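After this come two complexes, each holding chain A, first together with chain B and then together with chain C.
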Partner chain A sequence: MAQKNPAKRTSPAGPPQLLWRREGADCLVTNDFGHYAWLKCKDFNLLAAGSLGEKHPKYAELADKGFVRDRLDFEGLAAKWRSKNAYLGTGPGLHILVLTLRCNHKCLYCQSAAAGVGARNADMSVETARKSVDFALQSSNPAITIEFQGGEPLLNWEALKAAVLRARAGAKKAGKQVSLALVSNFSLMTEEKASFLVENEVSVCTSLDGPADLHNRNRLFSGGNSHAATIKWLKYFQERYKHQVPGYRTFKPSALLTVSRYSLGRHKEIIDEYVKHGLEDIFIRPLAPIGYAKKCWGQIGYGAAEFTKFYLASLDYIHKLNRNGTVIREKMAAMMLEKIVNSRDPGYVDARCPCGAAIGQIAYNYNGDLYTCDEGRMVGWEGDDTFRIGNVRADSYRKVMASAATRACVLSSNLESQPDCARCVYKPYCGVCPVYNYEVQGSLWGDMAANDRCGLFKGIFGALFALLKKPGGEAILKKWAGK
Partner chain B sequence: MKEEKKEFSLTADPRVYSAEALRLAAFVFSDRAEVCVKPGKGGLAVSFASAAPGFHPGDFMNEALNQQCRLDLAKKNSKAAGMIATKALLSAAGEKKKA
Partner chain C sequence: MKNQPRANTEVAVNLKKYSLETVRYAAHAASAAARVFIKLKGPATAVVEFSPTGKLPGPKIAAAFRAELDDETLRAKIWAANSELRDFMILKALSTEPARAQQDDSGLTPEQEKELDDLIAQVESEIKQEAAAGASADPLGITKTWEDKYGAKKPRKKN
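Then we have the complex of A and B:
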């Protein structure tokens, strides 16, 4: 066979693909394989010029991580890339069933803009719930999670029960691993319902916004004390978790924190509240001006800088607690670290390329309409069906995956097509949100230079890499990943 | 009191902005102003009518620049971007793409 002409070598050879950011006298470099390294700026200049010699103390590390052109271990690096981007080989893993729009709470930020308890035509029928489960089981993903949400899903117990039983029976037939999860405010929980959930291996998650005064200020409940109900059932499920019985696995309950303007400055009390109630994870999620929250943003919202300050103070405090032996970790950081430190896909649909809209998650509205995600559904609730991808009764799985909204979200959340992201040092770990861009900046693509969500991620990544640079910090943060 | 709807016009430098970038920006701004893009003297003439309160032509030009950067990037990156998007969509639909 005729030999091909050898490729011409430009001399000196610069580094292969790399992304970088200057931080004072240091430079952070990353690459698409997910590797990162901190360099002194003078060493970065040598690397960029292709003149960082083999004797340089950083050479071996940089060569191992795929930053030296002549030392690329293609197979090893490709394996890293595949592991970090494993989601590209599967379909939607998260299936959110909105069992009802009704809720007995009136939370200040409620993105689901819930209807009152007495509202009509706001519940998913038993038949639609079963059809939704059947639809979810068609996903090309071998391991799916079906999450029951609302409104308050316990207000539609019959549909919840039917969906759980259908999913358990259907999983065997479909040969799928199916996890079931309930997100509830617990105010309508009873012993009987709790036992059904536990015995059918449904994990439970509730909202906990901090100590009673803060929680109850965010989460208005005319039927009593929202915080007290939450804590009561949190304890119940923790007890059941501690006392496992044969026949089924009981999961540890978890809680979700929503940071409103009222939370800012109260990070210690919030984290202490989580520790006090035995929760080992706290997910410090920013509020997004989407759907209903957009309308009251002036009252409850904040800017990227304010949230970043809150987030950094929280991380710092959690670190301090960890050093003193308290077990608690921040979930967003843990998921990002899973990518940064272990090059593994943590299944975080909101920070990946392309994002998980439709191809990573689907939201099933009470009436069977399908949306790219719950955030897309909220835009639909405001009367704009840009993110509607079909209907569970009318459309086939393949049609939904090929819908215009699915494709538009995949294209617009592709970081390789986003001018700022394509060159950003955080690209290997980050993701953009078409729904946020659409709601805040008027297009699915958005403009990252002026995008608050991007600013927020920059703040979070900046904090994580700064902590990873500290010798003690790295050891603690590595423990958070892959737990 | 309702702020009066305003009209503006400007000329975009064709060395920086393509007509496509300006049209894409016009689409993004369609809820804030009626934008008209026409060939003009020394560049592309952009005029704004029925501008909503708070509208600023500078914001429109930022969006046009964003769109232009995206178009320029697509020329360079479209292969990698296309591969990722295709893989994601085919996998989600349950189809395997041969490498």
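Then we have the complex of A and C:
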């Protein structure tokens, strides 16, 4: 048998790739494989210079994580990269059907630019709804989600019902995993509709902005008390979830929080409201000055620093509740942690490289027009069709996937081509939004150095890594990931 | 009373020590706090002028820029030494399934080394072909429909 030659050392034994951020005497380092480590600055300097000896207490950890060039586990690291970027090559997984532009609410922050209940030519026809479902089923993604949105989708019940039945039949035929989800304010929900949704395995999600006074201030409803309707049906779906029956799975209802200027400073009350109603997830979503929200930004908007302060205070409070045994987690953090801790793709299309526009999600407007995402559709509603990628009746799946807008969004959201992002320590977990950049900074690429969305994400990542550094915090946060 | 415009700050950079690219990217990092103008002063000096746009004063921005110059130099050095390795790793991740069986990794026999070299050459050739084919090649098959890719399957039973 031939004598095996010992592996040659490459000099210097530095990092094959390295992203970093100095914070006082410490330095956070990350790499493309999604690994991270906290180092003392003096140890960072040794690593960067290729002088970190094998006997150094950090050497083994850094070598395992792919930070030492001549100790790379090619197979293991490639597997990590694949797992973290599993969405590449699977096609769009999220299909948002805007069943109507009409809504019976007039929410202050509504980005959807909803029309009044009596508006004409604002509903998706049953035929277009079926065609949209057929189009979604063509995606090469083996597991898709069709999400019914509006306006208020319950205002177009016939189209919703037709789309659900078409999706269930189409999924059986294609042998595909299809999840169905409804986003509704619940104000038009009835026992009959609720039973149809539950029996067809449609998960439901609503908006809950906090206690009644705050919720009703944000979400104006001329037909009554928006908060009361939301809570009533949340309880209903929770009861159905608790009492599962054979034949179908009933999902736990969920809620979304939209943070307006009125929410700032009220994080405890908002989180307590979620806990009080048995919700175990709270998704603290910032507002974006897109579509209608852009017009009233002065009244309801805020800067990255204000949101970050609110977010940090919320995380801190949730942590305190967790330590006392209350089960609740923040959804944005949970999704980011899935990438940071487990190197897995959580399916969050807003923070990917390239972004999920068209290749991760498609928005189907009421008239069959297709957009890169719901935000792109809102820009379209303002009269600018930059993000329109086709029409469900006129264009093939292939044409839509290869459209100019799809390609432009992919190119502009590639973090390698963003001068700031390519150097950012949070790059392995982050993503830019071409629609946001276009609306706020006037170009698909934007300018991250002065971009509020970027500032906001940096604030969130900064908070998460600071918590991961603390032994107590790390244990709690790791439980959030992959739940 | 009108706010007084903040004073501009200039930093001279020796281009024998830092490349113009390094100066440009380091300056970009400071652009959140200031408008930045880079001027050449002779063949060996770049003058970087900062006009603060926010609360941070010019000298602090200049200090951050100087620190960024060294960080950018380090980035460029790591990039130059490893760009091919990085490309190889990402291509490997994109194009191969992870190994299922544990193998002895104490070293490679000459035969195995030759096999690895052949594989690398094949991968590099594929990269060149794909680059030549342009964006329409669709190497990941994103534009294919579900049926094109997998064909119709039998439905799964509901639990």
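Everything below uses one rule, namely that the second predicted complex is superposed on the first by the 471 of 483 C-alpha atoms of A that agree within 3 Å, B and C clash if a C-alpha of one lies under 4 Å from a C-alpha of the other, contacts with A are read in each partner's own complex, and residues count from 1 in each chain.
Please note the rule applied: a contact is a pair of C-beta atoms (placed from the backbone, for glycine too) under 8 Å apart; a residue touches a chain by one contact, two chains touch by 3 or more.
The structure presented is a predicted model; accordingly, all values stated were derived computationally and were not measured.
**Student:** For A:416 in the superposed arrangement: first (chain B), second (chain C), both or neither?
**Tutor:** After superposition on chain A, A:416 lies in contact with chain B alone.
**Student:** Could you look at A:450 and tell me whether it touches chain B, chain C, both or neither (first, second, both, neither)?
**Tutor:** Both partners, chain B and chain C.
**Student:** After the superposition on A, what does A:15 contact: first (chain B), second (chain C), both or neither?
**Tutor:** Touch status of A:15: second partner only.
**Student:** Is A:75 touching anything from chain B or chain C once the two structures are fitted on A? First, second, both or neither.
**Tutor:** A:75 sits against chain C, while chain B stays out of touch.
**Student:** According to the stated criteria, A:224 is in contact with first (chain B), second (chain C), both, or neither; which is it?
**Tutor:** So A:224 meets neither chain B nor chain C here.
**Student:** Counting only touches as set out at the top, which of chain B and chain C does A:91 meet: first, second, both, neither?
**Tutor:** Both chain B and chain C are touched by A:91.
**Student:** Of the two partners chain B and chain C, which one touches more residues belonging to chain A?
**Tutor:** The larger set of chain A residues in touch belongs to C.
**Student:** Just checking: does A:354 make contact with chain B only, chain C only, both, or neither of them? Give me first, second, both or neither.
**Tutor:** Touch status of A:354: first partner only.
**Student:** Touch check for A:116: first (chain B), second (chain C), both, or neither?
**Tutor:** Touch partners of A:116: none, neither chain B nor chain C.
**Student:** Mind working out whether A:172 is in touch with chain B, chain C, both or neither, as first, second, both or neither?
**Tutor:** second
**Student:** Overlap of the chain B and chain C footprints on chain A, residue-wise?
**Tutor:** Comparing the two interfaces on chain A, one with chain B and one with chain C, the shared residues are 88-89, 91, 140, 359, 397-398, 401-402, 407, 419, 447, 449-450.
**Student:** Per the contact definition, I'd like the list of chain B residues that touch chain A in the complex.
**Tutor:** 27-29, 31-32, 62-63, 66, 69-70, 72-74, 77-78, 80-81, 84-85, 87-89, 91-94
**Student:** Taking the touch rule as given, give the residues of chain A at its contact with chain C in the complex, in rising order.
**Tutor:** That would be residues 2, 4-7, 14-18, 20, 32, 48, 69, 72, 74-79, 81-82, 85, 88-89, 91, 137-142, 171-177, 247-249, 359, 397-398, 401-402, 407, 419-420, 423, 447, 449-450 of chain A.
**Student:** Any idea which chain C residues touch chain A in the complex?
**Tutor:** Residues 25, 28-32, 71-72, 74-75, 78, 81-82, 85-86, 89-90, 92-94, 96, 98-99, 106-111, 135-136, 138, 140-150, 152-156, 158-159 of chain C touch chain A in their complex.
**Student:** How about chain A: which of its residues touch chain B in the complex?
**Tutor:** Listed in rising order, the residues are 88-92, 140, 353-354, 358-359, 397-398, 401-402, 406-407, 410-411, 414, 416-419, 422, 441-443, 445, 447, 449-450.
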